[in-house]
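The structures come next, written out as C-alpha cells.
In what comes next, subunit A is part of two complexes: it sits with subunit B in the first one and with subunit C in the second one.
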Partner chain A sequence: MKRHLRLSTILLVIAVASLAYLYLVPLVYVLRTAFSEPSSIGFSDSAALTLASFKELATNPYYVKILGTTLIISLMVAVMTALIAYPLALAIVLFPERIGNLLLIFVVTPMLTSSIARTFGWVVILGPTGLISSTLRTLGVAQPPQLMGTTFGISLGLAQIYIPYATLIMSSAFGALNQNLSYAAQTLGASKMMTFKRIILPLTANGLFSSCMLVFVLSASAYVTPQVLGSGKVQTLATEIYDSAVVALNWPMASALAIVLIVLYAAIMIIVNVVKAHAERIRS
Partner chain B sequence: MKIKSAIAFLAASALVLTASACGSAGSTVSSSSSAKTTVSVIGFPGLFAQQFEELVIKPYEKANPNVTIKYTEKKTSAESIGQVVAAKNRQTYDIAIVDKSAQGDANKQGVFSKVSADDAPNINDLVDTAKSEDGYGPSVYIDSLALIYNKDTVKNAPSKWEDLWNPEYKGQVVMSINNAFGLSLIAGLAHDNGDDYTKSIDKEIDQLKQLKGGQVQSFSPTPDVYTSVASGAAQVGLGWYARAKSFADENTNVGVVVPKNGGVALTPTINLVEGAPNKKEALKFLNYAIGSEAQSALAKKGYYGPVSSKVTLSDDELSKTAAIDGGVLEGGVVPDWNYIATVTTDWLQVIKQEITS
Partner chain C sequence: MKTKPYGRLLVLFVVLAMLFLWAPILIVVIISFDTSKFLRFPLQGVTLSNYVSAVNNEDFVTGFINSLIIGVGTAFVATALALIIVQGTRKSTKGIGALIQGFATSPLLVPHIVLGLAFLMFYSNLALSDTYVGILIAHTIITLPYGMQSIGASLKAYNENSEIVAKTLGASDTVIFWRILLPQISPGILSALILGFLVSFDESVIVLFLSGQNTTTLPVQILNYLEVRADPVIAAVSVLLIIFSGLLMLFINKVLKVKFV
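After this line comes the complex of A and B, so read on.
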C-alpha cells in the first residue's frame, strides 16, 4: 500500500512538473512578452513594462472587429455543431445498440482524415469554381454568392471538423439517459414533444453544454480553417496572432492577443458554469 | 466494448494525424551528414527554394564535398528573421536570405553581421543595384513584380498594374499583398501615378481600397498565386517574374507580363547571421552564391537578374531575365528599399487594416 502510494506520488510529481515546464513556463513568457515594448524585430530588450499593446487592442477598431468576428464564428460553429451533433448523439444512445454503433462509426470515421485535408475539401466545394458555385451557375444564377472569405464559409468548415468531437462528447454524456423515463412519461399521457422538453432535454443539457463549450473554445483558437477558407479577408484572433508573430514580428501584440484568447476561454467557462448551476437550481 | 476500443483507436489515429499535420510547418530541403560541416541557410520557400537548391546549393556541394548546405524554407522574410532572433542565444543558422525591406531593421538590431570584400571577394564584382550601402549582406538576385494570367480563360491579357482593377477580371484576381508584394505594388503604382512615395502613399492606398469590393478573390491564395492561376481557380494574379516565368515553362497555360517600362525591382539580400556557428564556411558559400557561376545559372535557368557583373549572357538570354539593363526591368522602377525599410511596418499595417480586412 505504502509502495503504491509512493509510486502514485512520483507519477503525480512528474505530471505536475511536465505541465509546469511545458505549459506554465511558456505562459509566463507570453505574459511577460505581452507587456514588452514593441519593436520591429520581435520585441525590445528593455526591461520596462508597458501596456502599449493592450491599449492598441482596446482602442484600435481593427482589433475590436477581430474579437467580434472570432466570437461570431465560434458561436455560429457551436450552434451549427449542436444542431447536427445533438440528434446524432441521441440516436446513437436511444437506437438499438447495433444501429447506434454503426452510426458512431459513421460519425467518427472523418476524424481519420487530417483537418487540413478536410479544409481543402471545403475549398473545392466553396471556391469560386467549386461545387456550389458551379451548381448555382447551372441553375441560372449569373453571380453566385462568394462563400470563401466569409464568416459563414469558415463556420461551415469548422462545424464539419468539430461535429464528430461534439457527437462523441454528447453520446458519452447521454449514456446514463434512462429511456424508461420517456416511456413512463408517455404512459402518463405526455406527448413526444413534452417528453423531449421535460425529460430528455433536461437530462442531456449537461452534455450539450459541455460539447458546445468545447466547440466554441476550439473554434476561437482554430487557425488552419480560418486561414484557408478566410482567403485573407476574414481575420480571427488565431490568424491575427500568427500574422503579428511571424509577418509583422510584433511579438508583444501577438502575446497580448494570446492573453485575450485565454481570458476569453476563462470567461466562457465561467459563464457556462454559472448558467449550468442556475439551470440546476431551477430544475431542483 | 469492442466498439469502444475501435472508437478509441480511431480517435487516437485522428490525434496522431492532427499532430503530424501541425508538425509539418517549416521544412528543410536537403539532408545533412554528421561527418560534414553543415551550413544552415534560411530563406524563401517553394519554387525559389527548389531553384536555389538545384542551381546554387547542389553545384556548391559537388565542388565542396566536405560541406552540406541545409536549406530551411520560411514563408516570409519576417518569419526567417523571427527564427534567427528566436535562436540567438544558441544560434543554429548561418545564412539568411531576406527581402531588403526586412533587412534594414534586422541590421540595426544586430541580427546580421557586416560582410566585407575581404570576407567575400565577389562583392567587388557586384552590379550597383546589388551593393549594400552599409556593408551588410548584398543582394543575391534581382527580380520584378509581374502580372500572371491564365491564357485559357483570359481573353485580353493584362499589360499594366491598372489592369488589376479591370472589371473583366472581377472576382478572379488573387494577390497576397501583406508583404513585399504589397510594398512593391505601392512603389509601382506611385511610379505610374507620377507620385513620390517617400512623401505620401494616400493615393495608392485609395486605389488599393477599390480592390475590396469583390474584385479580389483572395488575399491569401492557396497554395499560392501561381498554382491558383494555373489551375483556373483565378484568372489574374500578382507574382514574381522569375518564379512565374519558370512556372510558366512547365505550365503552358500561364502567361507572365511585366508592364513595359513599369517593372518594380526586388533585390533580396543574402546575410551572414550574427553568431553564425559556421562563419568561415558560411562566408565561402555566400561568396559563391553572389559569384558569376551561381549567378549565371540563376539567370539562364531561373530568369533571375544577375547581381554579378561577370555574368555573360546572350541578348536573348538577357531579355528573358529580370535584369535592369537589357532585361524585363529596363525602364522600370528600382525602389529605394532602404527608405521603404523604414516605413515597412506602417505600410503593412495600412494594407492589413484598410485593404485586406
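After this line comes the complex of A and C, so read on.
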C-alpha cells in the first residue's frame, strides 16, 4: 500500500523536475538573453548584462513602427470581434434554444479546421489574383486595391480565427442574461433600443470587454497569419521575433522583443482583472 | 402578445457573421477542384487532379509522416505525463498540488512565438534542434494542459467509493489504479490522446523554430510551399487536412461523447 503511494509520488517528482528543466529553464534563458550584448551569431560571447537591445527597441524607428503595427492590428481585430462576435453571442443566447444551439455548432466548427488552411482561404480571397480583385476587375476597376500585405488584410484573417473563441466565451458569460428581463422591460413599454441599452448591454459589457482583450493579446502574438497575409510587407512583433532569431541570428534582440510581448500580455491581463474586480464591486 | 427580445438587425448581423466565418473555408474547398494551374477567378473547370498531385507530392507525404510520428509520440508522452500529474496531485488539491497543476497548465498562457524562441535557444545547447525528440518535448509541453483537462474532467465523475470498497476488500494501490481508476477514466485518457495528437499535428509556430531538413512537418511544408506559390494543389492539401482533423473531432464527440468546448 505504501509502495504504490511512493511510486506515484516519485513519478510526480520526476515529471515536475523534467518540466522545470525543459520548459521553465528555456523561458529563463529568454529573460537572461534579452539583457545580453546584441549578436549576429546567435548567443552573445560576453556574459555582461546590458540594456542595449531594449535601447535599440525604444529608439530605432524600425522597431517603434513594428510595435505600432502590432498594436494597430490587435486593435482592429478586437474591434472586429466586438462587431461580429458580440451579436453572434447575443443571438446564441437570445434566439430560441434549438436555433441557438445550431448557431453554436456553426460557430465552433471553423475552430476545428487547421488555421493554416483558413489563412490560405484568405490568400484566395484577398490575393492579387484572388476573388475580390478578380471581381472588381470584371466590374471595371482597373487597379483594385490590394488587401494582401496590409494590416487590414491581416486583421481580417486573425479575426476569422479568433471570433469563434470570443463567441464561445461571450455566450457562456452571458448566462446572466435572462430573456424574461427583456420581456419585462418591453412589457413596461421600453423600446428595443432602450432594452438593449439599459438591460442587455450592462449585463454583457464585462464579457464583451474581457473577450476583446483576450483576442487583442492573441492577435499581438500571432505568427502564421501575419507572415502569410503580410506577404513580406508587414512586420509585427511575432514575425520580427522569428526573423531576428532565425534569419539575423540576433538572439538577444529576439529575446528582448519576446519580453516586450510578454509584458504587453501581462499588462492587459492585469487590466482585465482590475476592470472585472471593479465591475463586481459596483454590482455588490 | 409576446415581443421577441431581438430584432431583424440581429438576424442580419448573424447571417453576415456566418458568411465571414465560413467564406475562407468554403472558398478553399471550391478552388481545390479547379483545373487552373494557379489561383484565378472565375474558375476554369472541375477536376480531381489537384488531389492526385497533393498525395503524390513527396514533400507533403514526408511532412505528413513526420507529423504523424511526432503527433502520435506527443499524444502518448503528454497523456502519460498528464495522468502522472493529475493522479499525483488529486489528493492534495490545495497548496503544493494546486501549485503543480498551475505550473503544468501555464504553457497555455505563454505565446507560442516566445516558446519557440526559448526552445530554439535552449535546445541548440542540448543538440536537440532538428530532432524528433526536440519537437516531441516541445509539443508535449504545450499539449499537457489539454491532457490534464480531459483526464481531470473524467476524474471528477470518478466514484471514489469504489476505491474505498476495493481497499476494504484488501486490494493493493497498484490493483486499484489498474483495475478501478484506469477503467473509469478511460474516456478522458482516450480524448487526451486524440486531443494531444491534434494539437501537435496542427502546431506550426514552435515547429518552425525547431524543425530542419530531417523533421519538417506538414504545416511547415505547407508554409514553405505557400511562400513560393499559392495554387489549387495547396487548396486540396488544406481540404484533406480539414477532413482528417474533422473526422478525429467527430470521433471524440460522437463515439466518446466528450465535450471540451
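In this section, the second predicted complex is superposed on the first by the 244 of 284 C-alpha atoms of A that agree within 3 Å, B and C clash if a C-alpha of one lies under 4 Å from a C-alpha of the other, contacts with A are read in each partner's own complex, and residues count from 1 in each chain.
The rule is simple: a contact is a pair of C-beta atoms (placed from the backbone, for glycine too) under 8 Å apart; a residue touches a chain by one contact, two chains touch by 3 or more.
It should be emphasised that the depicted structure is a prediction, and the values quoted were computed from it without experimental measurement.
Partners subunit B and subunit C clash in the overlay (superposition on subunit A). If you count the residues of subunit A touched by subunit B and by subunit C, you find the higher number for C. In the superposition on chain A, contact of A:S39 is made with subunit B only, not with subunit C.
In the superposition on chain A, A:L19 makes contact with subunit C only, not with subunit B. Legend: residue contacts after superposition of the two complexes on their common chain; A:N101 is shown touching subunit B, with no touch to subunit C.
In the overlay built on the shared chain, the residue A:V228 is in contact with subunit B and with subunit C. Legend: residue contacts after superposition of the two complexes on their common chain; A:C212 is shown touching neither subunit B nor subunit C.
After overlaying the two complexes on the shared chain, residue contacts for A:Q160 are found with subunit C alone; subunit B is out of touch. Of the two partner chains placed by the overlay, only subunit B lies in contact with A:A248; subunit C stays clear of it. With both structures placed on the common chain, the touch criterion links A:T129 to subunit B and to subunit C. After overlaying the two complexes on the shared chain, residue contacts for A:G149 are found with subunit B alone; subunit C is out of touch.
After the shared chain A is superposed, the part of subunit B among 223-231, 277-285 or 295-303 that runs into subunit C is 223-231, by C-alpha clashes.
In the superposition on the C-alpha atoms of chain A, the part of subunit A touched by subunit B in one complex and by subunit C in the other spans residues 42, 108, 111-116, 120, 123, 127, 129, 168, 224, 227-228, 245-246.
Residues 1, 3-5, 8-9, 11-12, 15-16, 19, 22-23, 25-27, 29-30, 33, 42-43, 84-85, 87-88, 90-91, 94-95, 103, 106-108, 110-125, 127, 129-131, 134-135, 157, 159-160, 163-164, 168, 179, 182-183, 186, 192, 195, 221, 223-224, 227-228, 237-238, 241-242, 245-246, 251, 254-255, 258, 261-262, 265 of subunit A touch subunit C in their complex. On the side of subunit B, the complex with subunit A involves touching residues 3, 6-7, 10-11, 13-14, 17-18, 20-21, 75-76, 78-79, 81-82, 85-86, 105-106, 109, 111, 171-172, 176, 178-179, 214, 217-222, 232-234, 344-345, 348-349, 352-353, 356-357. On the side of subunit A, the complex with subunit B involves touching residues 39-42, 60, 62, 65, 101, 104-105, 108-109, 111-116, 120, 123, 127-129, 146, 148-149, 168, 224, 227-228, 230-235, 243, 245-249. Those residues of subunit C that touch subunit A in the shared complex are 2-3, 5-7, 10-11, 13-14, 16-18, 20-25, 27-28, 31, 38-42, 81, 84-85, 87-89, 100, 103-104, 107, 109-124, 137, 141, 144, 172-174, 177, 202, 204-205, 208-209, 219, 222-223, 226, 230, 234-235, 238-239, 241-242, 245-246, 249, 261.
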